Amino acid sequence: MDFDQILLEISRYVQPLFGKGKVADYIPALSAVPGTKFGMALHTVGGETFQIGDAEERFSIQSISKLFTLSLAMGFVGEELWRRVGREPSGNPFNSLVQLEYEHGIPRNPMINAGALVICDVLLSHTKDARQAVLDYMRVLSGAHDIVFDAAIARSEADTGYINLALANFLKGNGNLENDVEAVLDLYFHQCSLVMSCSELSRAVLHLANGGVSWHLSETILTPGQVKRLNAVMLTCGLYDAVGEFAYRVGLPGKSGVGGGIVAVMPREYSVAVWSPELDAFGNSMVGGAALEYLTTLTGRSVF
Amino acid sequence: MDFDQILLEISRYVQPLFGKGKVADYIPALSAVPGTKFGMALHTVGGETFQIGDAEERFSIQSISKLFTLSLAMGFVGEELWRRVGREPSGNPFNSLVQLEYEHGIPRNPMINAGALVICDVLLSHTKDARQAVLDYMRVLSGAHDIVFDAAIARSEADTGYINLALANFLKGNGNLENDVEAVLDLYFHQCSLVMSCSELSRAVLHLANGGVSWHLSETILTPGQVKRLNAVMLTCGLYDAVGEFAYRVGLPGKSGVGGGIVAVMPREYSVAVWSPELDAFGNSMVGGAALEYLTTLTGRSVF
Amino acid sequence: MDFDQILLEISRYVQPLFGKGKVADYIPALSAVPGTKFGMALHTVGGETFQIGDAEERFSIQSISKLFTLSLAMGFVGEELWRRVGREPSGNPFNSLVQLEYEHGIPRNPMINAGALVICDVLLSHTKDARQAVLDYMRVLSGAHDIVFDAAIARSEADTGYINLALANFLKGNGNLENDVEAVLDLYFHQCSLVMSCSELSRAVLHLANGGVSWHLSETILTPGQVKRLNAVMLTCGLYDAVGEFAYRVGLPGKSGVGGGIVAVMPREYSVAVWSPELDAFGNSMVGGAALEYLTTLTGRSVF
Amino acid sequence: MDFDQILLEISRYVQPLFGKGKVADYIPALSAVPGTKFGMALHTVGGETFQIGDAEERFSIQSISKLFTLSLAMGFVGEELWRRVGREPSGNPFNSLVQLEYEHGIPRNPMINAGALVICDVLLSHTKDARQAVLDYMRVLSGAHDIVFDAAIARSEADTGYINLALANFLKGNGNLENDVEAVLDLYFHQCSLVMSCSELSRAVLHLANGGVSWHLSETILTPGQVKRLNAVMLTCGLYDAVGEFAYRVGLPGKSGVGGGIVAVMPREYSVAVWSPELDAFGNSMVGGAALEYLTTLTGRSVF
């Protein structure tokens, strides 16, 4: 595959879409990002790297972080995790309380906000310093040792995060948080504030395309069984209430964030990250989704 | 891969599960089937066939038929279909009316009963004799020209199908059926009454593992793009409210039926059908699900 | 109280409201009624009668009939009734299926469509000819022996009644109908097709203001305990999802119909019926609601 | 009416019910109250007072306070209030988030927790010291100038009030709170911690039976129109999801609290308060409900 050529074609193909989405504006740090940004990076399991556009520019990864904290938490508690959080698609927006109440405080899956809060609680119970543990994990996976939380973003999230406060208190009231609500939310708002580039994100998920082996580390991060399970959760739960749409159009396990980033993997072939801040009605990057659809169309290969 | 050996191992592995599920009992024709039945058939894209147990015995395919009627309907109306039915996982039982009301008569996806009724309506509007068209399609795909509807099952379904009557009338009341409620239900109850064997079912879905090309016909049934989309719908919607569970444990696009059958495909490698009548709490074959989980574990390969 | 003067004032007060509502148009027989119609009749427990406008003109009483069939059914089965239907306000539109599914086929109350269908089932099980029994009851209560079903309306209801068909089949599927779905619906569509005047309706509910004693019959229809209970169900459930609004503004137990009629009672004082076909967003007569609000304001008396 | 005799009969009639309910145990201060307590006080509009049992013993009035804060808030903002909170029965438990999410942060009515939080917000915006304003109002209405908040109860409520925290944050996130979440909750937890006796409570609601005129003050508290509206809200919303049940059995506007108290009024005749700590499945006093049912049965009079 000539991925250089493919990325070039994609970057042309998506041009007409700019201006049709809407940059997230619920906190200043996100609304200030120009909607015209576009970057894409791809790492093959063979060790090759391809990228185009603003692929080296860091942005707020937001909910993409849920994939990594889930991976960390599964390492700590294994299958026990599923007693506290489900793994079924929710069919509801990311921050809905309805399902959580009907299901008595057990979040539908770890990719919606309520589920990610339970994951934070697990990390707090199994680490001395959960914020540092998340940071270390991201640095190791990406090979970028200067990754940090963006303090301004974390503070903005906390200042406006009433719905997340509602979710966390509801979880606590239903006995599904071991730690203080404040500590859980602090970790959650920090994981959302991580800033990374497409290049760093793509490398950080390469092991999910490579049977659990990190290419740059030449070391096993996860077992093949764990990889299969994480990818399954991504595919069935990674794009909120656009899961079916993304599977239908793109056909890869993926995880999106409201900062405009999406990561995806083609198992046994490559990992990819794309970034463009304008969002569609479901809160997923409009240009990013189209870019990934074009990628699987041009390569003629998806998991299906 | 030595699939003969793998099927043998699977058949041993699942032994302890017999007696732990519950054969469907809402109609006599289903409740009369012995719970100890077990069959499995696998077709590779290279043309090889493997099978074990009761793989040649026909059983009621029930909701597995939804995969085939969807495929037929997409052939008639293409992407227009999605104006009348969604393609997102439902997160609800197969016959729920709640979501249908909240979403104003647009079924969440074609794999739940309400969605399958809309598909029946499409077939009635685009064929002279929809029942015959379904029968012909199943005969061609499976290469078994003696496939028939089981009249006793169809009649039993009609006699007890009050919830499906409720769904169909609700769809009609919301303007999402063009044909008479009675005609739509007649087709639906008939498609559910198809009786086929694992061997026939596996062959009938082989093209979904083979880029749309039927092996026994040496002919293209679907384009690669259509295959990708059908498999995506299967993976995200094919097992009712156990979609995430099945993706997590098995990792293949699949479709189940309350008769105890499940079909699945490993794209570019093989198709498979398994049958065992005892169901788990979600209405999926308990032994069948375990057999497929063991299959992807033993082969070390899933779509993830 | 000078009710002649009060009715006159009300008829002037409501003039500006004509043209602001919308006549029901789901069946021809209703949509053909002029929106400018307005009638009101009031009977005191002392035996006086007052009326104004089109108070002698018959109209389709529609859901007002639910009050009378409930009364009949309570006579047959007493408190046993509440094992099959609740008596709590629904907070949902009259024909919602959502609550019915969550509550496993037990309608929230007898004033929504699902509950009225269960009531029809009770009547079918306890009478030789349920249609005739309903007719006889209405004739006795109103003293008008020529009251009939409007065959054209009943047929129109049946022709377009898909949602009611859905409700009835859902009830049957949940084991909450003893009789055939067709028979239950036939009775239901007929009760809705009754045509009566304000004068007849007001007289027919006078016993609910008079401790159960019918004035024109000088005979006891219900015990005081039964009257209290029927009025309680009316007040908490009689106006669909505008129950609180009606209690707040009018302050009387009442029951509305989509034909534009509303009956209400001021216990120990009077019964009243009002008719004007234009409906508000909740499906209740816009002018009728305002007329009753003005009535309790001018008299300075409500149940509160 | 010989209310002395009636209260005596009631106190005998309810004896078999003790031990069948369950004292609230979510905070220590409530769980410590003996389940055998029973008190009842009744004030007629003519100025007579009747009481029996523990009618002078103070208990935690809990949600009964919602009636008084609503009354205060209506005084401040009048009909504007209904832009921020509805007045329809909810059909759901008192602390449900489901409806609140579906209805975009507008609580269904002021008698459920979410609605009471909005009322607290109104009081904070219209008073210098809202806690003091509530205290003053209760002291004036009851004529008992030593009424206080119970600090231990308020603190316990705050320590365990995660669901209320969730509700308040959800309201804030939906733009329906002007003040800080902490201030709103502080006022709410304090109003719930008021301790009053049946005698004090009955006197405090006497004006709702007397056209707005307080007997001991010989002064108008509310207009007759306001009384009608408050009583309407009580009757349709005052007992959570047992509104219909209470109207059916008792037939009076009433408001209950989880401390085991219930107040009710028979307009133009009397006010009444009853207390017994054991609760039924809906969170209402089991003995208290039965006592009020017996009261309207023995007197032969209810609002219906």
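To keep things simple, chains are lettered A, B, C and D as they appear, and every chain counts its residues starting from 1.
Please note the rule applied: a residue touches a chain if its C-beta (ideal position, glycine included) is under 8 Å from a C-beta of that chain, and two chains touch if they have at least 3 such contacts.
Because the structure is predicted, anything quoted here is derived from the model rather than measured.
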Task: Set of chains whose contacts include both chain D and chain A - done: none
Task: Shortest walk length in steps over touching chains, chain B through to chain D - done: 2
- [ ] Starting from the mean Cα coordinates of chain B and chain C, work out the distance between those two points in Å.
- [x] 47
Task: chain A-chain C separation of Cα centroids, rounded to whole Å - done: 55
- [ ] Give, as an integer number of Å, the spacing between the C-alpha centres of chain D and chain C.
- [x] 32
Open item on the list: Can you list every residue of chain C that touches 2 or more other chains, as numbers and ranges?
Closed with: none
Task: Complex interface listing, chain C residues touching chain B - done: 96-98, 100-102, 162-163, 165-170, 172-173, 181
Open item on the list: Going by the contact rule set out above, which residues of chain B touch chain A in the complex?
Closed with: 86-92, 99, 108-109, 224-225, 227-229, 231-233, 235-237, 241-245, 247-248, 251, 253, 267, 296-297, 300, 302-304
